Amino acid sequence: MEIQMWREILIPYQQAVQELVIKFTSIRTENNKLGKYSPVELVDGRVKKISSILDKARKKQIPLDSMEEEIEDIAGLRIICQFVEDIDKVVEIIRSRSDMEIKYEKDYISNMKQSGYKSYHIIIYYDVHTALGKKRIQAEIQIRTLAMNFWATIEHSLQYKYKHNIPAEIRERLMKAAEAAHVLDEELSTIRSEIMEAQNTFQYKSGV
Amino acid sequence: MEIQMWREILIPYQQAVQELVIKFTSIRTENNKLGKYSPVELVDGRVKKISSILDKARKKQIPLDSMEEEIEDIAGLRIICQFVEDIDKVVEIIRSRSDMEIKYEKDYISNMKQSGYKSYHIIIYYDVHTALGKKRIQAEIQIRTLAMNFWATIEHSLQYKYKHNIPAEIRERLMKAAEAAHVLDEELSTIRSEIMEAQNTFQYKSGV
Amino acid sequence: MEIQMWREILIPYQQAVQELVIKFTSIRTENNKLGKYSPVELVDGRVKKISSILDKARKKQIPLDSMEEEIEDIAGLRIICQFVEDIDKVVEIIRSRSDMEIKYEKDYISNMKQSGYKSYHIIIYYDVHTALGKKRIQAEIQIRTLAMNFWATIEHSLQYKYKHNIPAEIRERLMKAAEAAHVLDEELSTIRSEIMEAQNTFQYKSGV
Amino acid sequence: MEIQMWREILIPYQQAVQELVIKFTSIRTENNKLGKYSPVELVDGRVKKISSILDKARKKQIPLDSMEEEIEDIAGLRIICQFVEDIDKVVEIIRSRSDMEIKYEKDYISNMKQSGYKSYHIIIYYDVHTALGKKRIQAEIQIRTLAMNFWATIEHSLQYKYKHNIPAEIRERLMKAAEAAHVLDEELSTIRSEIMEAQNTFQYKSGV
């Protein structure tokens, strides 16, 4: 039965997401313990739902046997940073690790999407050991600020609702909201060094 | 020894925070299960550190035997909403519950603090059963949007660093960041009904 | 649709289980903080699956409108103790609390079931606040030692497999295993005071 | 300050324990998803306390610079199995993985300690990536049945209380309890295949 087959296929992806969430979260925990500023604020992960995988395959006409190679975000990680500048730091950390290999990167921060979307994407290869043996899987890591993430989450649900045909008026409002989000990020960047120091003194324990 | 005494005093507060986090988080879980929009996006709780309690008591000259009555935020809850409008919904829910009693409310949303701080505060009384028996404690609930919370967390650490004397230049930047945060909230409010519907269709699973 | 109706019915039970797990777990946490021995070793909870509820209703010929009253273990809690003597302590704590009301108790420790099953059962009424309002639900609390629990979990799966007709030979083996479990409990009871003291000194951090 | 130095030293061990708990727990999750019996029932991990590390170093006269090599259980994992036979299965899984390397094994099951202690120990090398770079650390994995674990936890606290000089009478009682634990394991082993099948049908969801 197809559902059971997909459940088996997804096992290593679930395992990978769990391991990667632990690994990226520990960047924050460790910096806190060392009394240092952490470029990572929050980490979140998910495995794509079977229905979404099949939708994407149908839309992009991907045959069953190349799905796992071509659908790069079956395992998805999201790393939230406080400041735009922290995003580069996180990218550097990922590049320097030997337990994951970068397939490619996409910089939607320098090159904002037309919609207002900003985010840094990295596709990695990652090895997992499961009850079925060792397997190399792919995962998509999205790195963004809290403001970018807030906006992106909302835009994503609207894209979904309007099947990628968001009405002009709503698109305009979204664009204005995106601008406000970017202003917020820029204003905070100007006092980033003060905030970083403040948070080190404070043993910062975020509310979110 | 004083530290051990404080550890005992804090036991019911820790218990209360755990119970209240479960209770408010369930508002979101339940609405999701019912396929309805949830006014609660995220819930977070903490018990004030012993050192912060003693600092506050010293500064406000509160005698030891009235500390638990006068320091109202030993147990602290934070409820994050997507939209400004959701804050009222959450306040209504709290008012209608019989397992907590409201001491008073403070509306820093209609009446923004001079610093740019916006948030809705409710002080409640709440009964807990512990190894030491039943006890009525107080808790402070802060209700705010994600943008308000982001800003407030940063401002709080700067207040701490500069011992409530933030330099004029930084204060100005903070004020501008607060304005951007409020614009972001306002823009999103104008398309709130579209977003709410979109998230209901989408079975919204937030990234943060 | 029936499944959706059951999902709604189960919401307050899920909420209750979460709250009760927190409440009973805190007995252990608090005693540890106070440097005292905890009669509670482990707490576990679950909501009965919809299919199991319907099976039970069919078998016992319970009409739909009295299911929630007659099926008393829709919400189930399990409290594991180190020693037989601790079970009484936990029963005392439950009897003394005002946030739950006892419907009745069943003592399968003094009166072991023929199968070898030992456990202390308490059915309680408990109030929960949900998105749908306040509701009084029932929950079954099973209190047992680790050895009793280990045995009971295995016996339960065999009852299920053999549809309550476990072959004589296996029943005999189970009976012998139950006896060994009881000997283990008795031997440890004889040195209970030494172990309790040891664990207090040790700041006992159990492996399971 | 020494404490801060130790906090830094322990960071990779904490990271390793978190990753290994996830990895071994997933053996159970995956087998459940595949509808297969899992040899792993429970997984638990801890990092040795700084005070215990220093005690051990003092007692064994280990110099500071070889502590990390000679104290092999700074990172400790415990894997609990339902049946004695499952222990071998878990050992096989560990031997076959390429993300951890075995330093050596100790079989206290075939060769029970004089005290009654039974358990299978494996010391592994494991690579972790931390904020401080990549590091190879050691971890001790203890594999045992639930009954062995129950007994061992109690014996450990008594050893600690009596500073490894447990009075003869208590030692005797412990020995009898160990025998009961072994009888329990043996009786259950005789019906292991029935229980395994039963648990597969049952979609076994253990209480502990």
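When the chains are written out, they are named A, B, C and D in that same order, and each has its own residue count from 1.
To be clear about the criterion, contacts are C-beta pairs under 8 Å (C-beta built on N, C-alpha and C of every residue); 3 or more make two chains touch, one makes a residue touch a chain.
Here the structure is a predicted model, which means the values were calculated and not measured.
Centre-to-centre spacing of chain B and chain D amounts to 41 Å, using the average Cα coordinate of each chain. Here the spacing of chain A and chain D, counted between their Cα centres, is 35 Å. Note: centroid distance chain C to chain D, computed from Cα atoms, is 27 Å. Counting partner chains per residue, chain A shows two or more touched chains at no residue at all. Chain-to-chain contact here is organised cyclically: the chains close a single ring, every chain touching exactly two others. According to the touch criterion at the top of this document, the contacting chain pairs are A-B, A-D, B-C, C-D.
Residue ranges of chain B in contact with chain C, taken from their complex: 7-8, 11, 14-15, 18-19, 22-23, 26-27, 29-31, 33-34, 36, 97-99, 127, 129-132, 134.
Every residue of chain D that touches chain C in the complex is listed here, in rising order: 42, 44, 46, 78, 80, 82, 146-147, 149-154, 156-158, 160-162, 170, 173-174, 176-177, 180-181, 183-184, 187-188, 190-191, 194-195, 197-199, 201-202, 204-208.
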